[in-house]
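Should a chain be cited, it is by its letter among A, B and C, assigned in written order, with residues numbered from 1 in that chain.
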Amino acid sequence: MTFSEGVQLVSFIILTAIVLGGAAGVVLLRSMVHSAFLLGLVFIGAAGLYVLLNADFVAAAQILIYVGAVNVLILFAIMLVNKRIPTDRPVFSPRNAVTGLVCAGLFALLAVCIFQVPWQIQEPVAMNTVIEIGKRFFSEFLLPFEVASVLLLLAMVGAIILAQREYIPDRAEGEPEPLALPERPRDEVDTTPTGRR
Amino acid sequence: MFVLSGYDALLIFLMLSALVPVLALTISSLLRPKGSGAFRTTTYESGVDPRGDSWIQFNIRYYMFALVFVVFDVETVFLYPWAAAFNQLGLLAFIEALIFIAILVVALVYAWRKGALEWT
Amino acid sequence: MPSLNAFLLVGAALFCIGFYGLVTSRNAVRVLMSIELLLNAVNINLIAFSNFLDPNNIRGQLFAIFVITVAAAEAAVGLAIVLAIYRNRDTIDMENFNLLKW
């Protein structure tokens, strides 16, 4: 084993630990905010795995979209839903135990499949992935490329309609603009000082 | 096999940058006084007494801005390879990319008309 | 150097963890986060296949970019649905979304 291979192996082990540990935290932790930040960690670890797999552009896209946008969206949603959800479910309930068993069985099945298939591994080719992806966007994957923009348009329209109120009430005097995005009335905040407990 | 080049520098950079917060926290924990007064655990709110709960309802306009940002973030990821390979693609690819942008301009106009870009 | 099987095992483990979260979570936002974990597991598999089985024409990477796109759209719409339900029902507990239950 050369030095470079050793570095790659160690990186792989560290990234795997980050991804799987973070994912377990996302699923098991009780605090939603902690889960959201661990989700960002999982995304970063997955981007590291993509780099190990010679997919540098996808790793950059992963960081840009998942960590930069999707994770922020999730954090905003958690802040908007300001309920402290009563996490009354115990981590070890019969339902969760059965689900865990099913998932472990699924993993065992997948592992057996992975080890049984005779993969025909080829040597990787050094290439500029960004330019290669750009060429393929406009030849082989042209239709998905254009449909992606339609998908984004539809996602934006749908999300704006859903996040706005579904009806526009009659406008009385002193009411705010009807097309301004309404929100739930704010709760009264307890104003007694809580600092000196 | 790993065929990308230039990532040894990235690895060294990551290791060094991971060292910085560790060193900063360790050194400050060595230097700081060990006392723990009653005010140690309170929230810092610009010097005044903390009031209310930290779990307040945020304005939904934050979500709207994040939403518009997500859509145009994804657009960037699609347009970057096009820009990188621009010289090897023809005029047709330019027109196709313009169609792509035009569809997303429709999305931008929609968000604008619906007031998702305004903070009134 | 880790082999194809190692990456596929990581993907499978991530998929199973995400599936566990998908089934057991009661918080709707956590369900969406579990779906993101599932999509990431799929992406790891796609890119591993792209690197080890199809290195000349990297189709797996292109698939992964489209999966990321769909995941972003899904997160935007899904969280908007969660916010709409929260405004109407004042909860995001999955057990209380029983309007359509027979």
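Odds and ends about this structure:
The definition used in the following text is that a contact is a pair of C-beta atoms (placed from the backbone, for glycine too) under 8 Å apart; a residue touches a chain by one contact, two chains touch by 3 or more.
Quantities reported herein were computed from a predicted structural model and do not represent experimental measurements.
In terms of C-beta pairs in contact, the better-connected of the chain pairs A-C and B-C is A-C. Farthest chain from chain C (centres taken as the mean of C-alpha atoms): B.
Here the CA centre of chain A is 14 Å from the CA centre of chain B.
Our note on geometry: chain A versus chain C, Cα centroid distance of 7 Å, whole angstroms. Averaged C-alpha coordinates put the centre of chain B at 20 Å from the centre of chain C. Within chain C, the positions touching two or more other chains are listed as 1, 65, 68-69, 72-73, 75-76, 79-80, 83.
Listed for chain B are residues 1-2, 60, 63, 67, 70-71, 73-74, 77-78, each touching two or more other chains. In chain A, the residues that touch at least two other chains are 8, 52, 54, 57, 61, 65, 69-70, 73, 77, 80, 123-125, 133, 137, 148, 152, 155-156, 159-160, 163, 184. On chain B, the positions that touch chain C within their shared complex are 1-2, 60, 63, 67, 70-71, 73-74, 77-78. The residues of chain C lying in touch with chain B in their complex are 1, 65, 68-69, 72-73, 75-76, 79-80, 83. Across the interface of their complex, chain A is touched by residues 1-5, 7, 11, 38-39, 42-43, 49-53, 55-64, 66-71, 73-78, 80-86, 88-89, 92-93, 96-97, 99-101, 103-104, 106-107, 110-111, 114-116, 118, 120 of chain B. If you check the complex, the residues on chain A that touch chain B are 4, 7-8, 11, 51-52, 54, 56-57, 61, 64-65, 68-70, 72-73, 76-77, 79-80, 82, 84, 123-126, 128, 130-131, 133-135, 137-138, 142, 145-146, 148-150, 152-153, 155-157, 159-160, 163-164, 176-177, 179-184, 186-187, 189-196. Those residues of chain A lying in contact with chain C across their complex are 5, 8-9, 12, 16, 19-20, 23-24, 26-27, 32, 35-36, 39, 42-43, 46, 49-50, 52-55, 57-58, 61-62, 65-66, 69-70, 73-74, 77-78, 80-81, 83, 85, 89, 95-96, 99-100, 103-104, 106-107, 110-111, 114-115, 119-125, 127, 129, 132-133, 136-137, 140-141, 144, 148, 151-152, 154-156, 158-160, 162-163, 165-166, 184.
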